[in-house]
């Protein structure tokens, strides 16, 4: 593997300085945790505690009822299904989309670094600039295209959309990672008789752990959290979690059950949080080996 | 037609020509070294033989088969890279057998071949390790093992020793030489180190600026350099170059120059030189041909004794290198370890004129 | 337009082969009623259809009072995968009818005599060129004031009937240390208040001229300036944290006695009821002072998307179920609004509901029923939002009443 | 020689394979990105309202766009927002990265805490943020309860300051991401250079300012690309936090574009605003990409 020595740039410092360091770091941790803490606290209160004005305090009467309700019986549409079915919709949309865009991003990065051809920089530039397109403008033409491809209102359509608008990022990540990958290895494998795909599968991919983690985290977070595409290109049977959560939270003219809303919001956040917590330690490593090198 | 034929091979990137009409024929069992400074085109030529780079024009053939456009894996070659290029995700054993696997060799045969190679290179205990756990020398052996196991027609080495420390480099050099003698394989070896080139090769191609400057046996290259570049590039310490003026007296030719004090001295030249009277030339003499009087070659036909002032002495154990000045240029003489020479003193230098060569200062080509 | 219609139809044929569309006898309904009460009310409709063997495929998209759902609709129609029925408001229905995308419901309407029982002002948004294109579910009226009875009583305030009385009441509350007006500073809420204030200041004719006919003289007139000045008075009497607040949190302030009044549509009643309050005893509902005889309304309707020329059997069944008196009553009791047909019994409604139904019938009869500007029933979305921009900018103190009037004229001319 | 032709085929295939592999992605991006951009440019010259229509109106949409106060507010908000957001996120990210790099014992846990906001969308955290920033409920209220009655934090209610609360929440979300990038950069710096600098007598401050931070240039560039892309696309954030208010004080071009295209049924103006935005993005990104790719050659 590309040797990534853990080289702290640490400097020697006195006790006062270190106390100060820890203080600052912990204060920031508090700042980052605050909004989520509010969500957790309020998801465990009965509603009257919240509407009674007790929004920032710990619950006096702890309850998990909102959690149960948000999952299995909150009113998201006509049926009181809770968020559960939408959670699965999101999973079957996000996982293939993430895998596809990561896989093709890896292949593209491989081609753009190890099989360069005339104009490869222009191709890469065009792919990269596609990251910046505002999604609002693609809504209508994309809907037309999905209609033409027969993918309107289906999970397949959503997967395609997320694939298309994620490929720029995944290509960027993998290209930068593979650029640092010794070209001699590719040559050695060529002489050994491995072809294009064999080199990719056997030599590059097994060494791509950290950057796969980066790509996976990035894509999964974006796709899971997307609302605009999910709302516009899904139909009744494929609406993702964010749309359901939005329906739960944004109901226009009814009583707002804030505790259930918060519990629902946390449900919607659990998969992405898990991904960050589990794969997060590869994240810095992957960035280090790849994108940060520009 | 030789075993490996390179005929008029050129390489150009766009309008930039990096390799000019190269013509080399390698016979079976030969050890050809491509040597030259970085950027001379030697690695490009090697990659073209390997099929890793296209041939712009000309032809390369192995065993009479043209190789232009043939995929690297179909050329029956093996290559050892400078960085060893071991697959980081595979064990040593897998690294060695990967090529066989790609060529569809069955597992039992692969394992047998691996065991043979591991034994030959004494790397049996390493087979289960990953490259990251190996030392530089061990990686080098594994890389060679990967090449050997293929039993190819031609071995290609791309500066394989340059990442090793000095001691290990010498050991591995010997090892490679032994392997070549034992297996009798055909090898093309790229290096920028002229000692490696001299010690390993059966023939050397000295390259510079995209041209092959000279192709010949190590002895030819060393003793009869084709031009100033080859003369200075090969040999360490490098050849002494003295600005001289040629003078013809009857049948004899003399090279006139000055000593450290500026006094005129004359050196007799062996060869007959026609029409060069009064011309400027560069006289090349290797340090071992410039000695103390007692250390001079007894078999030499013509030794010139010239006293001159010593500027620096460098005892190197077996020899002492003594620096003086001829024709306004520093010259190094290789004297015996106990030769009596001290800085500032005058010492008599013995010129072995049998070994002297002359170059044209304008064209840098060999005159005599 | 016919061209687009055929395009959409062709697309749908093409996509029907590959997607798994609604089974022939199912209806897919796009709507934004996702809160408990609303969904319970829709369930009445769903149950009704299921007894006829028609399945209900639910496609809820909440947010922005239907704005999110309308975006989704645009994408769905463009992709040739329009839902069977869509909840819609006011001008959106007319716009989609103009695109030739809506099914003709005349056969159902004739069978059930919709023309006779639906108020004419409402028909204006359900019929295009003599053809019924949507089925109205309810009528919300927006010029209500909600008050905490205990707060009013303890400060000796009677229900105000004129602007001056209202202003006096506000001052009294202010002096007593109660927040006089509960308000949420969001553009549509600002506009809801402005709607009522303008109706009072301009009168019904002026309201119609300014907001429905977009007459520049009415838009730029002195009465409009008065309306803006009254908004400044209201702005001075809301608490300082009003900005960005959700309407139901403002309602909660009235429920909890922190504030005296809230100007909000009839959906606010649900918040009082779910807090266990009784109309007449705990809270009061009355028309905004000076608009007692007028009703500004918005109505939720279900438009049927054309499935290839004719209205399908299940669309007809859905439409007739929506207009059935039993559903109209059941739904509107829960929702807080009043039935879209005037011949429904008010027996199941509470005091505020009964008054709402009475007001609607009276206003419809006397020509005092107007589409609400704030809720997209007076002018198209582009103009509505242009007006929002001015109203909310003025309410937040960006400029004075004089400038607001000229900005309003200007904004409307750009958006036209 | 017939043999050669045969092997030739495989080699030729190998030469084509890379392009073939790249082709689907490239084709899709050409169609779904550049095709759609072209379509949007076209729409901006038409009278499209509720759905695309093809009546040519020339520059009328652009004229209207620049007459709208609303648009000017959105553009100047984006300038303020982007500068502060990118600047503050980078600064905080850099500071946290440097601090975390001092052999902090609980680094793993802290890193996760700093990074997690990136995992959450504002649909999830919007309400919590709104409450936190609301003076009547959130921070200000809590401080008052704790006895610090002079504490005031009511930016979200103030037209002039509300945009800064948007910056605050945005920084909350992505400064951890910037931290990760800088930390990665710091870990990649050669230790020997630092030792050399320390022997040269550089103080800690000088060490960072003169030696380390200049070496983080690639990390700065990557952070800049990611952050500016997030800034330009910021939409959920504004909708969840302020809904564009108070008044229209926190509108950004993304919310403007959405509202004109979809809720106001003025697709032509929406498209023209999108075109202006794309031009702006291109003006910033193309030189960057050019420099970046040229260097790589």
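Each chain carries a letter (A, B, C and D) given by its place in the written order, and its residues are counted from 1.
Here is the rule we use: a contact is a pair of C-beta atoms (placed from the backbone, for glycine too) under 8 Å apart; a residue touches a chain by one contact, two chains touch by 3 or more.
From a predicted model like this one, the values you see are computed outputs, not experimental measurements.
> Which chains, if any, touch chain B and chain D both?
Expected: A.
> Give the label of the chain whose average Cα location is farthest from that of chain D.
Looking at centroid distances, B is the chain farthest away.
> So using the touch definition from the top, which pair is joined by more C-beta contacts, A-B or C-D?
Here the pair linked by more C-beta pairs in contact is C-D.
> Using mean CA coordinates as chain centres, what's the chain B-chain C distance in Å?
91
> Taking each chain's centre as its mean C-alpha position, how far apart are chain A and chain B in Å?
56
> With chain centres defined as C-alpha means, what is the inter-centre distance between chain C and chain D in Å?
Inter-chain centre distance comes to 37 Å.
> Nearest whole angstrom, what separates the Cα centre of chain A from the Cα centre of chain D?
15
> Could you list the positions in chain B whose residues touch two or more of the other chains?
71
> Residues touching two or more other chains, restricted to chain C: which are they?
64, 71, 74, 78
> In chain D, which residues are in touch with two or more of the other chains?
Residue numbers touching two or more other chains: 14, 51, 258, 262.
> Which of the residues in chain B come into contact with chain A in the complex?
Going by the criterion above, the answer is residues 47, 50-52, 71-73, 77-79, 81-83, 85-90, 98-99, 102-103, 132, 146, 150.
> Can you name the residues of chain A that touch chain D in the complex?
4-11, 13, 18, 21-22, 24-25, 28-29, 31-36, 38-39, 42, 53, 55-56, 104, 107-108, 111-112, 115, 117, 121, 123-142, 145, 163-165, 167-168, 171, 179, 195-197, 221, 225, 227-228, 242, 245-246, 249, 258, 261-262, 265-266, 268-269, 272-273, 275-277, 280-281, 283-285, 287-288, 291-294
> In their shared complex, at which residues does chain C touch chain D?
Chain C reaches chain D through residues 4, 64, 67, 70-71, 74, 77-78, 95-96, 99, 185-187, 239-245, 380-382, 385-386, 389, 392-393, 395-398, 414-415.
> In their shared complex, at which residues does chain D touch chain C?
49-51, 64, 67-70, 130, 134-136, 154, 156-159, 162, 241-249, 258-259, 262-266
> Which residues, counting only chain D, touch chain A once they are in their complex?
It is residues 14, 17-19, 21-22, 24-26, 28-37, 39-40, 51-52, 92, 95-96, 99-104, 108, 110-121, 123-129, 131-132, 137-138, 141-142, 172, 176, 180-181, 183-191, 194, 204, 207, 212, 217-219, 221-222, 229, 232-233, 235-236, 254, 257-258, 261-262, 267, 270-271, 274, 277-278, 281-282, 285-286, 289-290, 292-293, 296-297 of chain D that touch chain A.
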